[in-house]
Amino acid sequence: MATDNERYDLGVAALAAITGGTGTAVVESLKDIAPDLAEWIVSFSYGDVMSRPGLDLRSRQFATVAALTAMGTAAPQLKVHINGALNVGCRPSEIVEVILQMAVYAGFPSAINALNIAREVFKERGVLIGS
Amino acid sequence: MATDNERYDLGVAALAAITGGTGTAVVESLKDIAPDLAEWIVSFSYGDVMSRPGLDLRSRQFATVAALTAMGTAAPQLKVHINGALNVGCRPSEIVEVILQMAVYAGFPSAINALNIAREVFKERGVLIGS
Amino acid sequence: MATDNERYDLGVAALAAITGGTGTAVVESLKDIAPDLAEWIVSFSYGDVMSRPGLDLRSRQFATVAALTAMGTAAPQLKVHINGALNVGCRPSEIVEVILQMAVYAGFPSAINALNIAREVFKERGVLIGS
Amino acid sequence: MATDNERYDLGVAALAAITGGTGTAVVESLKDIAPDLAEWIVSFSYGDVMSRPGLDLRSRQFATVAALTAMGTAAPQLKVHINGALNVGCRPSEIVEVILQMAVYAGFPSAINALNIAREVFKERGVLIGS
Amino acid sequence: MATDNERYDLGVAALAAITGGTGTAVVESLKDIAPDLAEWIVSFSYGDVMSRPGLDLRSRQFATVAALTAMGTAAPQLKVHINGALNVGCRPSEIVEVILQMAVYAGFPSAINALNIAREVFKERGVLIGS
Amino acid sequence: MATDNERYDLGVAALAAITGGTGTAVVESLKDIAPDLAEWIVSFSYGDVMSRPGLDLRSRQFATVAALTAMGTAAPQLKVHINGALNVGCRPSEIVEVILQMAVYAGFPSAINALNIAREVFKERGVLIGS
């Protein structure tokens, strides 16, 4: 069983790899209203879950993008994780494939709305969509 | 632009690769109530979408398992696609990873309920869960 | 403004027309746990809402079947309202059309699961599906 | 079985009747990021599904408005389809009825949020709400 | 059985206690598009349901904030009911607790998005978040 | 920052208070397929979240019952938490109130389906519903 410091450190590393952000920034963004949520995001979401060795980060980001697209209730997080997918080496065209596939499982509106978020991310980063 | 026969044939191949089933079986299962839905499942879902070359079938199945776990409204389809994930070479432990990750994005109940379906599939196929 | 008795009486009539059931049966089914819910179902759902003159009952049932299919969380109510759709003169083939259309807006699993409920209703009533 | 060109042409006609838009505009809006999605929207959603003869377009639009209202995750598409409902002859007052009915099946917030979108559409088109 | 006037009056009182608003304001806000919805909100939601004596208003608001956070589809209503929770004596820190708890049941994105709405409400009212 | 053992111990105590179950039972139920999920349920859900001092357990259970009722996708967990609500001192009549209130926010089907689960729990425990 990891100690809490180990969990936090693992989380900081996964957070950096996926979102490009720092644990400090997460802590800062929530310290006025829910500082413990920042700790949970780092230690639990990124430390306990996303750091697990059994699945590569590319597959993890495909899974997250798929789920958030299908749910349709988490636009800000979908934007974070499309960025995250690019950060861990998913190609823009692969991210688009995952989103398109959701038309089958969650309906066309979910795919269209997610594509609009993807387009925004791609533009902000200047990546070629078809690449 | 593919002809409809080409779409159907592509779909039959993808359907076989993913679900292990045949187009004929899908058609048979729906012919009493909605024969055209069978055609759409084969030609659109499997022919137009799942057959696309831009993403490997393992990643596609991770995406589908993630989405259906997160939605929590499609138990029969989740069962089909956990089987499908195994069919295209996802390891049981990887499928479990994708489901566990959904605890973060869609809540613990969605992950627990999906795991129970995964356990059922693994038992029916006699696969070792930790493999 | 209608009196409460008028609302209840309107509701009983709409309930009979749509579900074929009686206000008494609704009241009976809930009197052990939530008798006021029975009153709300009759007076509000059927009296205030479903009795309104601005839309015919066929269109109202198409709307309800569509919504419950898309939501995917209300199988027992979907069964009641597929029956209700038949009761107010929707043809089985029209009900199937509404359900199929949901594949576009809410994904194939929602349509497939709703069709299985529709098939069950059609069998119980001995109606020809293609009629 | 229709050829793909026939499906596309059917879709273009249904798209024009419902949204007032052209296949070209759909294609144009998605060609930078997912050109095939445009083709699916035209050929599958409008060609295969919405063009089917078994249900009139008014009933189809009531079903779509009901579903998108109940889902609560597709505001842009709800706006398109409230416009679509007006285009195929649904009266504003009937569209309001469908939305109000969703308070019963999906809760008051879903109905209130959809009404705000409807009001926006009615204002943009200058239609009288009570008509 | 209450008369309709009694229901409306009960509702107006509950509405004032929870939202700080008046029945007249609700009626005014909907009279152009759906005046009856205003009546339902006052007489049914606040008169029949929220006025019931079996549960205190603090618990009712915790329940509503929890549900709207988990659903993730009703941001404007969540804002109203975080205000409402403060109005009936819930402490800001308790509201934050309810929202944080939803991370477990509905996923981290639902909690994060609701916290952002709570922060907005707290700022508008100048309440200390940790109080 | 608590050590992991402290988190687990806190979680075991909260789990016992709410569900009446033991950490060992949770671990046992998941050890074949996802032993780490058991650890997360105990240490994160019950240790980090449900053990927090800022909100009483009765309010926490009302919040969970409200959310799971509204979501409509977690029947087994709703059953656990209606039991949990009784365990921490919520009266059956109060639980019914929370569920009824969800008719307003998430629609009548969500309330009706949750009431059926509540009735089942009340019967199994032999509690009087109106108490």
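Which chain is which? They are A, B, C, D, E and F, in the order written, and residues in each are numbered from 1.
Everything below uses one rule, namely that a contact is a pair of C-beta atoms (placed from the backbone, for glycine too) under 8 Å apart; a residue touches a chain by one contact, two chains touch by 3 or more.
The shown structure was predicted, so the numbers you read here are calculated from the model rather than taken from an experiment.
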**Q.** Intersection of the contact lists for chain B and chain C
**A.** A, D, E, F
Q: Select the interface copy of B-C from among D-F, A-D or A-C: the correct pair shares over half of its contact pairs, counted by residue number.
A: A-D
Q) Looking at A-E and B-E, which pair shares more C-beta contacts? A) A-E
Q. Cα centroid separation between chain D and chain E, in whole Å?
A. 31
Q. Measuring from the mean C-alpha position of chain A to the mean C-alpha position of chain F, what distance in angstrom results?
A. 29
Q. If you average the CA atoms of chain C and of chain D, how far apart do the two points sit, in angstrom?
A. 23
Q: Would you mind listing the residues of chain F that make contact with two or more other chains?
A: 36, 40, 44-45, 49, 52, 68, 70-71, 73-74, 77, 96, 100, 102-110
Q: Quick one: label the inter-chain contact graph as line, ring, star, complete or other.
A: complete
Q: Within their complex, state which residues of chain B touch chain D.
A: 1-5, 7-8, 36, 39-40, 44, 48-49, 52
**Q.** chain A partner contacts - residues on chain C that touch it in the complex
**A.** 70, 102-110
(Q) Show me the residue ranges of chain E that touch chain A in the complex, using the header's touch definition. (A) 71-73, 96, 99-100, 103, 107-113, 115, 118-119, 122, 129
Q. In their shared complex, at which residues does chain E touch chain F?
A. 44-45, 49-50, 52, 54-55, 58-60, 62-71, 74, 77, 93-94, 96-98, 100-106
Q. Which part of chain D faces chain A closely enough to touch in the complex?
A. 30, 32-34, 36-37, 40-41, 45, 68, 71, 73-74, 76-77
